[in-house]
Amino acid sequence: MRYAMVIDTLKCVGCSDCVVACQTENNVPLGYCRDWVTETVDGAYPKVELELKSERCNHCDNAPCVRCCPTGASHIAEGGIVLVTEDECIGCGACIESCPYDARYQHPDGYVDKCTFCHHRLEKGQNPACVEVCPTKCMYFGDLDDPTSEVSELLKTRKHKVLAPEAGTSPNVYYLIK
Amino acid sequence: MQEEIFVSGRHLPKIDPNLEIWHWEISLYLFLGGLAAGILFFTALFYLLKKENEMQATVKYATIIAPIALIVGLAALFFDLSHKLYFWQLYTTVRITSPMSWGAWVLLIITPLSILWVFSYYRETYPKLEAKLQTFKRLKFLNTFEKFLIKNRKTMAIALIPLSLILGIYTGILLSAFNARPLWNNSILGPLFLTSGLSTGAAAILLFTKSHFERTLISKIDLALIFIELALIVHMFMGMYAGSQVQLEAMQILIGGSYTVMFFVFVIILGLIVPFVLELTEILGFKVPIIAPAMLILIGGLIFRIVMVNAGQLTRYLY
Amino acid sequence: MSYANTRFVNNFTPVNINILMTTSRRKFIKISALGLGGVAASTSALKMFGANTYLEGLVKQNIAGEFNKTATYCEVCFWKCAAWAYTDNDGEIIKIKGNETDPHCHGRLCPRGTGGVGMYNDEDRLKTPLIRTTVDGKQTFRKATWEEALDLIASKMKDVKSKYGAESFALLKHGSPGSHLEHLFKAYGSDTIAEPAYAQCRGPRETGFALTLGSWIGSPEPTDIRDTKCLVLIGSHIGENMHNSQVQEMSDAIDNNATIITVDPRLSTAASKSQHWLAIKPATDIALLLAWMNVIIEEKLYDEAYIEKYGYGFKELKAHVKEFTPEWAYGITTIKPEQIRETARLMAAAAPSVIIHPGRHVVWYGDDSQRERAIAMLNGLLGSWGKRGGFYFKEKVSLPKFPHPAYPKPKWGWEEIGEKYPYAEMGITSELIKASIPGEGENEKYPIKAWIIAGTNLINTIPERDVILKAMDAVDFIAVVDTMPMEITGYADVVLPECTYLERYDGIRNAAKREPSLALRYPVAKPKYDSKAAWWISKQLGERLGLQEYFNYNDYEDVIKWQLEQVGSSLEEMKRLGVKKFERKTPLYMEDGEDFEFATNSGKIEFYSDELASKGFDPMPVYKQHPEPPQGFYRLIYGRSPMHTFSRTINNPNLSALKDTNKLWVNPKVARMLGLKNDQTVWLQNQDGVDSTFSIKVRVTERIRWDSVYMYHGFGHNNKKLSRAFGKGISDTRMITKVAVDPLMGGTGLRGNFVKILTEDPYKNSKV
């Protein structure tokens, strides 16, 4: 089992529904976020390229945040999901320092929080809240170990990228770019 | 024209626009850790070299700083935790891949050890105090305990050598382990912080020593350390210069950015070059109040860590 | 230089302040931190000392979202997506999710709908009825009971009726609350009713399409985007315009490799997804449309048999567009002839599975009905009407109205007030407003003396603010029914706090789409504070006016029950389903060669309109040049932020967390010329010397032309009681002091306003 998220930048409109949905699903305190949307503009009018991306923790195979955690609060759970156990977290901030994507934040209650791939929903056979809400249906979620899964198929057939590969974390959130 | 912006989300407190997760507490913690490591290293080294009597400050007096520094340092670290209630979780497991973890364990061992060491010299170094307190009269077992410690000073010293070196290196590794912060992510930081730690340790000892022999010897060692430290810093920049785009940008912060003045004036010039010159002239027999270079080195060492911790958090891969 | 209205009040006498602050910000934050965050924290705390299974269970339940769900439909905009609202055990609303079976949303709400819970949670909400009073010479609001407030409004309605006739009491409304008050007004004898969704929104397209294809577009648009081969967007910025199923279907179209062509002076999100972005010079779209028709006709890219059978006045059109070559249009639109030809050929190749989208907010330059007619004609040429991948025939459920006596016939109403616009098919807000000012508009013949405003924030909605302010000064009485302390409430004599859509019943949603369906709005939680539903307010007023027989029920639930039974459903069933679909009775598409009659005078697609000619209008659209920005000025264009709805959501805690202000989009060339930097603070001044109330930050971007600046509509609130929205960004509406009125239907063209960018605070000196 290797969970992965595949996001089609050709369809994403940057509406940020994924951000609100995550907030209400996971009770992310206002002013904080587990996912966010970026916009990249390139070129010169009227030859301009626009890319919109919904970003979050990449649940990296090679996760520095897990390595540097002194208590084991940050750990890799079943399916490669990177999680934080709130009551093992001392709030030392090492994992935040270690994440090249700044995907973690200090919850007002002190512990460190981040995207969980909505594992509580996965347990019930549901997709993550952001995936389920996206009005352009540009987010896909599934198991990379299953070659027939939608995500595997997409990565086989479509040109894709990950964020900051040079950081060497081998992310599990992929972006379709063609 | 190129544009990269956040459409939404991402005004995370202490993370956007740039990281402010670690504050002065961590800088202080790293400084004091290095200082204690330096002192304890020399203490143990010269004890084993049987220089106990020629070098009283090194072996007996200055050592008092180590446990104090370590305890204050740990307090600072604790102060910077955001989920303090769970501090004890640190000591429920050992995580080899996490410098933060083995650092915490090393501190757990070296701090009491340093206290024992100081205690073993207590009556000898502070007779007046003991005369007042009369603790040994009141608590008889202390006598046997002291005897036991004095008998085992050699063992303690042998343990202190590696422990102090690990502690010194750790203060650098803690940062350099972070791939995500290009300024920190280089192999020089460990040795560099160790050297700096030894040098601050030496400086602290200089504040205590009264013997000419001891002063000149420690000064000579310190000169060498400062020299190595400068060399390592140059090496670090050359490494970054040859490195990736992100590292080049990181280096900019020190040599042409927000921290340039602080780094060059307070760390390089006032913290290293000036004391180097002062100590040299002192050794060549000119009259220099030793307190001057010593204090400059100590302050420089602290500022060096403040700069590295803050500047490092300005550097990132994305956005 | 802008009209100073003496009415505006946004302060309260101390006693009321306390009342209005009963739930403080802090309390709200506590609420939001409850549930997972809070519980989890306490779990952890407990865990330290072992025992925690109970709380952990609670967290699990919380996070697993095992809540009660209640059927509703969304009111954050007018797409009316059916949804499930989830409440926890204390009845607090936790989240809102789309109803899987709903053809408007297919289980996926848009960001505004998902964030709708913030409307309910907003601690700035109106909390009690308020009545304007004077406390030592100072105008202010005092807290009032519903009895007082309703009695006062009823008595004013009686006065106006006896003095001038019920017609002189106007209703300016929008959305669900409007429909309840509309019933009250018609029963009371006034048809002096208008909403901004006509003359500031869709009006021209309904006129243009009715004149050409004999049918309104209506909402939701019957555009078969899902199955189209070619989608042409003229302005309409789907993807920022988040009208839900359209956004979803555009994404399907991308999956189906449909050709997307976007005409927009700005790289809209849709434009960035298009194979062809035609970066048109603003205000020149008609020229492009004529050139497209020229290419299609000259190159014989149309289906002759089809035009023969269904077309009227094709010969005239052919002659008319002969001279409007792509080369001609190039000089006007700045779009290259080959690009015009290529895109025209692509449309024709896809025909009839092609959609030249009518757009929705189409009041741009005053010749909008004619532009929309050109769009309708182009669709006619390509035969996309009633065709798969073009425009489908929508169908709704025939749902009987709850029985009530016939409405009295008013002597005059919105129709008479708008009589100089022969094609106005709904009330023209701006004309009703003028008719409220002695000596202006139709005031002589149709004097308006009092207003009820429900669900529309006129201040940020209607252009020419001075005129509104004058009108509000002129009328004897204004009551506002709203959920939030929006600008408009500050001008009211009585403010009635309505509860949000999540706390009330409303009419059954019966919208026409591919499949007829009904959706239920059932109260999810009990109304917060002392707020009440608009149906209740209307009923209460009706009873005070002796109109009981029009409100022959105790609870609106009775109305819904009765209606549902008439169509073989029931409240129980609808509470379970949320949405119920019904069989179509008419075909979805038209057969090839079918003897189809278009509902026009000629029964055909009217390429030439005798009727327009007879009324002295252009029988076929012609391009007329519009004013250009003078030296140093830029055309102000605006659009939607995908996470907000007009001005209504800016203070919504969940949505303002996503975007709390608008920015001024400026082309890098312009920025260089004016020495503007990213995020620099600037002010605006328009052609009439009106300064922006607040400042705005610059966004230097290649996405906008050098002759225009762009901003999101809805920001720049200036009522301090909106704690999150106050003073954030600029209100485009304030800068729109000049309108180009559509002579056919009275639409207010909003995009002929030009602004200068000020780097100095224009109020610097007036401030002390």
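Each chain carries a letter (A, B and C) given by its place in the written order, and its residues are counted from 1.
One rule holds in what follows: a residue touches a chain if its C-beta (ideal position, glycine included) is under 8 Å from a C-beta of that chain, and two chains touch if they have at least 3 such contacts.
Nothing here was measured: the structure is a model prediction, and the numbers come from that model.
J.: Could you draw the chains as nodes, link the ones that touch, and say if you get a line, ring, star, complete or other?
T.: The chain contacts form a complete graph, every chain touching every other.
J.: Based on CA centres, what chain would you say lies at the far end from chain A?
T.: Between chain A and every other chain, the largest centroid distance is to B.
J.: Taking the mean of each chain's Cα atoms, which chain ends up nearest the overall Cα mean?
T.: A
J.: Which pair, A-C or B-C, has more C-beta contacts?
T.: By number of C-beta pairs in contact, A-C is the larger.
J.: Go ahead and note the Å separation of the Cα centroids belonging to chain A and chain B.
T.: Between these chains, centre-to-centre, one finds 38 Å.
J.: Measure off the straight-line distance from the CA centroid of chain A to the CA centroid of chain C, and report it in whole Å.
T.: The mean C-alpha positions of chain A and chain C differ by 34 Å.
J.: If you average the CA atoms of chain B and of chain C, how far apart do the two points sit, in angstrom?
T.: Roughly 64 Å separates the two chain centres.
J.: Give the residues of chain C that touch two or more other chains, as numbers and ranges in rising order.
T.: Residues 44, 48, 643, 658-659, 668, 701-702.
J.: What parts of chain B, by residue number, touch at least two of the other chains?
T.: Residues 1, 3, 5, 8-9, 85-86 of chain B touch two or more partner chains.
J.: Can you list the residues of chain A that touch 2 or more other chains?
T.: 14, 16, 19, 31, 33, 41, 43-44, 52, 87, 109-111
J.: Note which residues of chain B are touching chain A in the complex, please.
T.: Interface residues on chain B, with respect to chain A: 1-16, 19, 21-22, 77, 80-87, 89-90, 92-93, 95, 97-101, 104, 177-181, 244, 246, 313, 316-319.
J.: Residue numbers of chain C touching chain B in their complex, please.
T.: 44-45, 48, 643, 658-659, 668, 699-702
J.: Spell out the residues on chain A that touch chain B in their complex, using ranges where they run on.
T.: 14, 16, 19, 31-33, 35-44, 52, 64, 67-73, 87-94, 96-102, 105-106, 109-112, 163-164, 166-169
J.: Once bound in the complex, which stretches of chain C touch chain A?
T.: 29, 32-33, 35-37, 40-41, 43-44, 47-48, 60, 62-65, 94-98, 107-111, 114-115, 117, 239-240, 242, 244, 247-248, 250-251, 254-255, 267, 269, 272-273, 277, 279, 642-643, 653-655, 657-659, 667-668, 701-706
J.: Going by the contact rule set out above, which residues of chain A touch chain C in the complex?
T.: Per the touch definition, chain A meets chain C at residues 10-11, 13-17, 19-21, 23-27, 29-31, 33, 41, 43-46, 48-50, 52, 86-87, 107-111, 120-121, 123-124, 132-138.
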